[in-house]
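A single structure is presented below for examination.
Chain naming follows the written order as A, B, C and D, and within any one chain the residues start at number 1.
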Amino acid sequence: MPDAVSDLSARFRAVRAHSEALAAPLSAEDQQLQAMPDASPTKWHLAHTSWFFEAVVLAPHAPGFRPYDERWARLFNSYYESLGPRHPRPQRGLLSRPSLDEVLAWRRVVDAGVCTFIAEADADTRAAAFPLVELGLQHEQQHQELMQTDILAALALNPLAPAAFPGEPPPWPAAVDGWLGFDGGEAEIGHAGTGFAFDNETPRHRVRLEAHEIARRLVSNAEYQAFVDDGGYRRAALWLSDGWAVVSAQGWTGPLYWREDGTEFTPHGPRPRAPQAPVRHLSYYEAAAYAEWAGARLPTEAEWEHAAGSATPPSQCFGALWQWTRSSYEPYPRYRPWAGAVGEYNGKFMVGQIVLRGSSFATPPGHARASYRNFFPPGVRWQFSGLRLARDA
Amino acid sequence: MPDAVSDLSARFRAVRAHSEALAAPLSAEDQQLQAMPDASPTKWHLAHTSWFFEAVVLAPHAPGFRPYDERWARLFNSYYESLGPRHPRPQRGLLSRPSLDEVLAWRRVVDAGVCTFIAEADADTRAAAFPLVELGLQHEQQHQELMQTDILAALALNPLAPAAFPGEPPPWPAAVDGWLGFDGGEAEIGHAGTGFAFDNETPRHRVRLEAHEIARRLVSNAEYQAFVDDGGYRRAALWLSDGWAVVSAQGWTGPLYWREDGTEFTPHGPRPRAPQAPVRHLSYYEAAAYAEWAGARLPTEAEWEHAAGSATPPSQCFGALWQWTRSSYEPYPRYRPWAGAVGEYNGKFMVGQIVLRGSSFATPPGHARASYRNFFPPGVRWQFSGLRLARDA
Amino acid sequence: MPDAVSDLSARFRAVRAHSEALAAPLSAEDQQLQAMPDASPTKWHLAHTSWFFEAVVLAPHAPGFRPYDERWARLFNSYYESLGPRHPRPQRGLLSRPSLDEVLAWRRVVDAGVCTFIAEADADTRAAAFPLVELGLQHEQQHQELMQTDILAALALNPLAPAAFPGEPPPWPAAVDGWLGFDGGEAEIGHAGTGFAFDNETPRHRVRLEAHEIARRLVSNAEYQAFVDDGGYRRAALWLSDGWAVVSAQGWTGPLYWREDGTEFTPHGPRPRAPQAPVRHLSYYEAAAYAEWAGARLPTEAEWEHAAGSATPPSQCFGALWQWTRSSYEPYPRYRPWAGAVGEYNGKFMVGQIVLRGSSFATPPGHARASYRNFFPPGVRWQFSGLRLARDA
Amino acid sequence: MPDAVSDLSARFRAVRAHSEALAAPLSAEDQQLQAMPDASPTKWHLAHTSWFFEAVVLAPHAPGFRPYDERWARLFNSYYESLGPRHPRPQRGLLSRPSLDEVLAWRRVVDAGVCTFIAEADADTRAAAFPLVELGLQHEQQHQELMQTDILAALALNPLAPAAFPGEPPPWPAAVDGWLGFDGGEAEIGHAGTGFAFDNETPRHRVRLEAHEIARRLVSNAEYQAFVDDGGYRRAALWLSDGWAVVSAQGWTGPLYWREDGTEFTPHGPRPRAPQAPVRHLSYYEAAAYAEWAGARLPTEAEWEHAAGSATPPSQCFGALWQWTRSSYEPYPRYRPWAGAVGEYNGKFMVGQIVLRGSSFATPPGHARASYRNFFPPGVRWQFSGLRLARDA
């Protein structure tokens, strides 16, 4: 068996198992919760990631493939127009059937199907389909994080404030105070090399940077509390116009999961807000208002990537929280979406969204990299999002 | 043990057991579904009816009573302002905790508590509290029907069109064609006697009726199909103004659960529409438009009750479908709501609703009577609602 | 010239002139204001009432009739489905063309056309069409009141609080304290006789009344202030469920046009609230909550009409404010809508509305009568609406 | 009198007069129309631009200044949080008072006040305030274009399709076919020099461009018609995800003002669509979908500015239509908003918007320049917006 086959096979089993391990502490009832149209039930994530392997890998490449249940594509196709009609997104929480047990049984069948496919693929098939298997795994890792953000959003709406997971939150990556300075000039950003990257990270290209400084760590709960205490949510002058409109309409007075008793709601239930921990569950609007209040700004995504890829990168780039940049999510010069159905993966979302960089405590190890581009609309708060400051030098 | 005690105790056990028997074919996932803000999850119904016994019977009348979990009142209080704050109705489907198992365990505790309470009550307590126990049972029976309408509404949104319950729908009560005539004059309606009735059925009072005829049976699927085929949903002249606005905005083309393949969606899954079966899942708007098309009208609630209580009542008054009347839901002359928290049971809803009379195949046997007043807003279609014609004589 | 002709002709001129006299103090800009979808611009009222004569009288009955501008029917048809498509109601305020001057010129042409038609009609035409001319005049009188409610609603949204009309409000009809008692028994309500009445007032028919008392006057500002001061808008127990939902969602704290400085906004601008004047601009929800607080109830429409038609009627029945009843707007027994297009005048609105009785200071003299049925949805407050109490005897 | 004074004075009179000349063909009724929350009435534009001179120039800099009517600031302040509370934007069309005549009288007073202020200013005041006078004029010129887009949007909702202005549309700037090529490398964009520019055009800074081509002219009606005929509005694959959602929800089938009879609605009423004229009233979504269909893309704003500033610029850069770029509206490196209230002019809108470049036929001559940045949300279509293609080289 070639290394490529055994490696991919092992990786496939590990990633798939991790999804189920994440879901294991949750009941079938928990796994059906959908907090809002933008979030999905745990069970739906487990099913959708399986559908992805069926639709993107097996259907086009495995001879004689038959879907487990052909009616399910409609239920678990997320947004691929080219792959057929879809159940309305806001009603994913209304799918009591198939049951969790049926979805898990389906996962077993898909697992076997993909493993057999990997093992038996000839060279041509390997070349054509193994990148799609890898994409399916990267995709499933993305959903592993969403499983955590989405269940948190759902349980937060239960007055009992139940914990999604037992135990305690992981410790934060160590923080280093101060600023890192960078000269102006030309730099390169974007993915290069042979490892996996999403199409939106390519091509690597030159950008012009101005001299600037970037904070060595994320903004902390204590710092953000000072902003709140200073009337941050009541001073229109600090906010972007759209942000102020949301603050006023929604009555925001602090980060999404801050509670009046001084705790914040976490995947492990309510917990005291550690003063030195990075503040989280912020929208872009809040991140930008804080930066304005602090006499600074958010970094551009190019500045962020340049710093993260430097010889002495700032602390807390990865494994803490996704970090809002001031950059809108746009195609890189000469960007081309992937061919085929997966061309819908990233490119069609390149309007109305802001780039976040880094990774969070909930991102699977090995998934992120300096060129990784996460993106959400500016009002989104249910992700594991924080902020790092920058300033002109 | 006095008969009143043993009778009530037996009845209590039977009614409570029936709720659980109804829910038994449904998975915990099914039992969490909430199709829309006006409908509730099965599990919520099971919990709410238990809360009702805690809040209305045990808390005021059982010495030393302690609620099973004091945090749950907020979750399962439906609309009683005097009994404290409430979880938002549209979010009842987001309560994965307490789990179904916990709710069922709670039911066991409430069952034991009420049975002990019944057995140990002294005479004064019996006088004060047994009517409330009976109210709790009548209340639970109402929710037994809602459990069926609500799960149907939820499963109807699943593209798989799953059946809530195994087996086949019950046969319809036999139908008799033609019209029954009534002279004009004074009549009495409203509840009298010593049996249970809701406050809204009282007091019995005199009304003036004009000479009229009332149909001996409900309008059938075949008859309603003729209305549809005759352009019923495209002819504004047949509709009340508000009804036409809904037809146009929602794109209605037939009863709620009619499907393009000639079937209708039922608690047993899609089934062919039997031509002679009463048409169901109609709004008041549709019932009124059909009557207009048929050159007739809907009966008033007084006409309906007068006919149902006559020596030779029409067929299909009970056990088929709730029957829209042309009467708005208003207080009877000298109506007084019950004292205490249960004063919120009926009276505060006496605006914006239309009276339905009779009972449906899903109404627990023995629950309804000729004076019974059901009520829903005129656009509601997810109830087991049909229509019976009337006309001036 | 027969009396019927000269009388109708004179009455036509008088009613038409009154509409324009009402509008005269308002600028063309004022006359274009539309406060909300349910209200219409003054100019639109002037045009719509002219269209009514064209569409209902001249088009079917005047030989050789040609509309002034055939494109305008679409603009000024209010809700008659049988008379063709309609400009969307919420966009009536966006019709700067035709200009006010053009509308007034059109009125001159319609005036001449109708007067000629009246003068030249033969006996058959008189029989067929004169009742429609009379209906057109009654219709225009209804719009004369709406012109006043609608401009008030529009100017109330201008922070300058401008007066619609110069001068001072008219004095209130004299008030008499106390209650009038009525025995139970059979009574008759509804229009009888040869004078004009709308179809919804017919046929006259027998009703059964229970013994009751009805207040001799309307509730005053001072009395309503006491309700407000007693926490009336903060006590859920006083409100119908739908009413409480509106109070909570809209943040109501008093009648529509009460201002924090102790004034209320009137057609003559802000004015101090006279303590003894009837409280106005109430919704049905507020009227019902006040009655609950006062230990009374609202009268039924039959009780109201019976009292107003009695030998010693209560004061302030007419010329003060429309008076909410507890009766939903339903067809009388054996009600038949008028034939033809005007069958849409009243009947199709008989759901979701509450009956108001009497008339207001803004109702044209001679327009109302004891059998008159006004109707609006229960949340409406921009009409000249107040309340009179009743109670069981 | 120094040249600076006489020049500014003359320019002030000319710009102010142009606003009134634009409004002159419109009636007071026309000038009160507000098509939607994002558009404003003509009268409001005339008033708001006067308020701007009062609030930004005279109030801070003219000794003894008193506002014409202090209650009007609330009505005509657009969005300056630091300058006090504001009348709700969606209700600007409900301000019949002050009347158009009053607003025009106010303009006379403001004109006199500013002219006196200019003439009497000492050197310090000139230095401090003349740039604000110039800003007020640039501001008024921006509103001159909005007066035209906004009245067009309002009249388009009138079924009579009335013309805002007499006469015929101006001819289009001459078009040249083909592409202009540019090498990759470093370029500079942003405003430099001493002429007026908005803060958002600064500072001039270096950017990195890749080799590309840019179309010599705008896309024409004929070309866009081919896109429509090829199913452009029915093929999800061509659209950004947000764009497809809007197309589906709103039922778009062509540019905003295209009519079924082959005409388009223009400020001069419906006119045939000239095949070679640039297609207009497109959203960003439509521009991007067309580019995708055409195998091209939209230019970045840097590419556009670089081409427009080159020795042989493309045709139709100015005076035809605003041109969507693919660039989100973000701050330039080291951007600083102006000091004081006018700091709210541009900076707070730098999220959720897309940059348009160039100018339109409705832009006042001399107002635009190569570095000018216009911006609107991606779904906006009521502006005079078209598109120019670009492609990678």
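Here is the rule we use: a residue touches a chain if its C-beta (ideal position, glycine included) is under 8 Å from a C-beta of that chain, and two chains touch if they have at least 3 such contacts.
What you are looking at is a predicted structure, and each value in this text was computed from that prediction instead of being measured.
Listed by label, the chains that touch chain A and also chain D number zero. Centroid distances built from C-alpha atoms place B farthest away from chain D.
Our note on geometry: chain C versus chain D, Cα centroid distance of 46 Å, whole angstroms.
For the pair chain A and chain C, the distance between C-alpha centroids works out to 58 Å. Work out the mean CA point of chain B and of chain C, and you get 37 Å between them.
Across the assembly, chain B contributes no residue that touches 2 or more other chains.
Across the interface of their complex, chain B is touched by residues 79, 81-82, 186, 205-208, 210, 236-237, 239-244, 284-285, 288, 326-328, 330-331, 333-334, 348-352, 354, 378, 392 of chain C. Remark: chain A residues 27-30, 32-33, 35, 71, 74-75, 87, 91, 93-100, 154-155, 157-160, 162 touch chain B in the complex.
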